[in-house]
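For reference, chains read A, B, C and D in written order, and residue numbers begin at 1 within each chain.
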Amino acid sequence: MAGMETESATGEHGYSPDKDAYIKRLRRIEGQVRGLQRMIDDDTYCIDVLTQVSAITKALQSVAVGLVGQHMKHCVANAATNDPEHLDEMVGEATKAIERLLRS
Amino acid sequence: MAGMETESATGEHGYSPDKDAYIKRLRRIEGQVRGLQRMIDDDTYCIDVLTQVSAITKALQSVAVGLVGQHMKHCVANAATNDPEHLDEMVGEATKAIERLLRS
Amino acid sequence: MAGMETESATGEHGYSPDKDAYIKRLRRIEGQVRGLQRMIDDDTYCIDVLTQVSAITKALQSVAVGLVGQHMKHCVANAATNDPEHLDEMVGEATKAIERLLRS
Amino acid sequence: MAGMETESATGEHGYSPDKDAYIKRLRRIEGQVRGLQRMIDDDTYCIDVLTQVSAITKALQSVAVGLVGQHMKHCVANAATNDPEHLDEMVGEATKAIERLLRS
């Protein structure tokens, strides 16, 4: 049952081959959040702080979109081929995740 | 010209009295971004990673909303009272900042 | 008490001078929503339907940003000048409205 | 080649079996947009207009999330099973659609 193993808690996931790239992007985002703390500590003008918050949010959303794409390409596609009785469940949790992203 | 000084690059801003609280919130967000890196490094299931991205985005947007509110209460209100000829400009940049938040 | 009258339920509001322009924009959005119904009725490809949904959402958000800007310029600024004891309340409801926009 | 036909410009799509329900939801949204025009025409308080804009945006996004889910369940899953060489392309356009929704 390759399909189920693929989605086990400890196994490989859609994004796994790009793990290093994702961690690198998140490290950059972490640095941007630290930069935001300095901006506030330095009494930077509110509007410039807000511009930076938008940039970080955009970077985070872009990571999320990448993960959603790889989830579709690997996990959803894999369920369709190898594990069709779990396809509905898998699509259901993916759409709920997209809904949470849209609400945040 | 209190109105103009308030908005100088180095002066006090609407959020200044709450600086410590904002920095504390951003430090927590920084920790959440580090947690995200660990989740990816540990091959956490994509959907759980996405849930965490949504939580961080929500926390960041909440910081942004707080800053916008204090910007209105202090900077916009101050311009209205002490510096009316700059009110249009100030409201214009605040609405552009809100637009950027909505687009991110 | 010009400040209070301006915000009465039946009075003039920040957007009132641009009423016709707003109604015109909303009529166009209404037409776009009708177009969406035709797209679905014609079995248009899902992705093209989604592109149209994004366009409508963007148009609606742009109306909202315009209203927020005029609310700041007129209602918030007016409260700051003529009705300072209600400024907090007015800014509070404006930030809550922005928060709802970000969550939608 | 069922997979390709399913995605032809004129054929059935993931949402087709729920066409009537989608059109009904969009008709309700159309009515809400008309209600918004009346609110502005009646000089309704800006914040109440904004609350209504948020409600409409939420309803539209919810339609979009439904379409994305059915796109995954039918078109993506179908490509995975019957048309694997187009899977990348199909996932690519779906993620771009989600990105546009997040930016709007």
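We take it that a residue touches a chain if its C-beta (ideal position, glycine included) is under 8 Å from a C-beta of that chain, and two chains touch if they have at least 3 such contacts.
In this text, all values refer to a predicted model and were calculated from it rather than measured experimentally.
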item	value
Co-neighbours of chain C and chain A - touch as defined	B, D
Equivalent interface positions on chain B and chain C, same or different at half	same
Chain separated most widely from chain B, comparing mean CA positions	D
Chain C and chain D: spacing of chain centres that average the CA atoms, whole Å	22
Averaged-CA centre spacing for the pair chain D and chain B, given as whole angstrom	30
For chain A, residues contacting two or more additional chains	61, 64, 68, 94, 101, 103-104
Residue numbers on chain D that touch chain C, as the complex places them	7, 9-16, 19, 22-23, 26-27, 29-30, 33-34, 36-37, 40-41, 43-47, 49-51, 53-58, 60-61, 63-64, 67-68, 70-71, 75, 93-94, 97, 100-101, 103-104
Residues on chain A engaged by chain D in the complex (per definition of touch)	61-62, 64-66, 68-69, 72-73, 76-81, 87-88, 91-92, 94-95, 98-99, 101-102
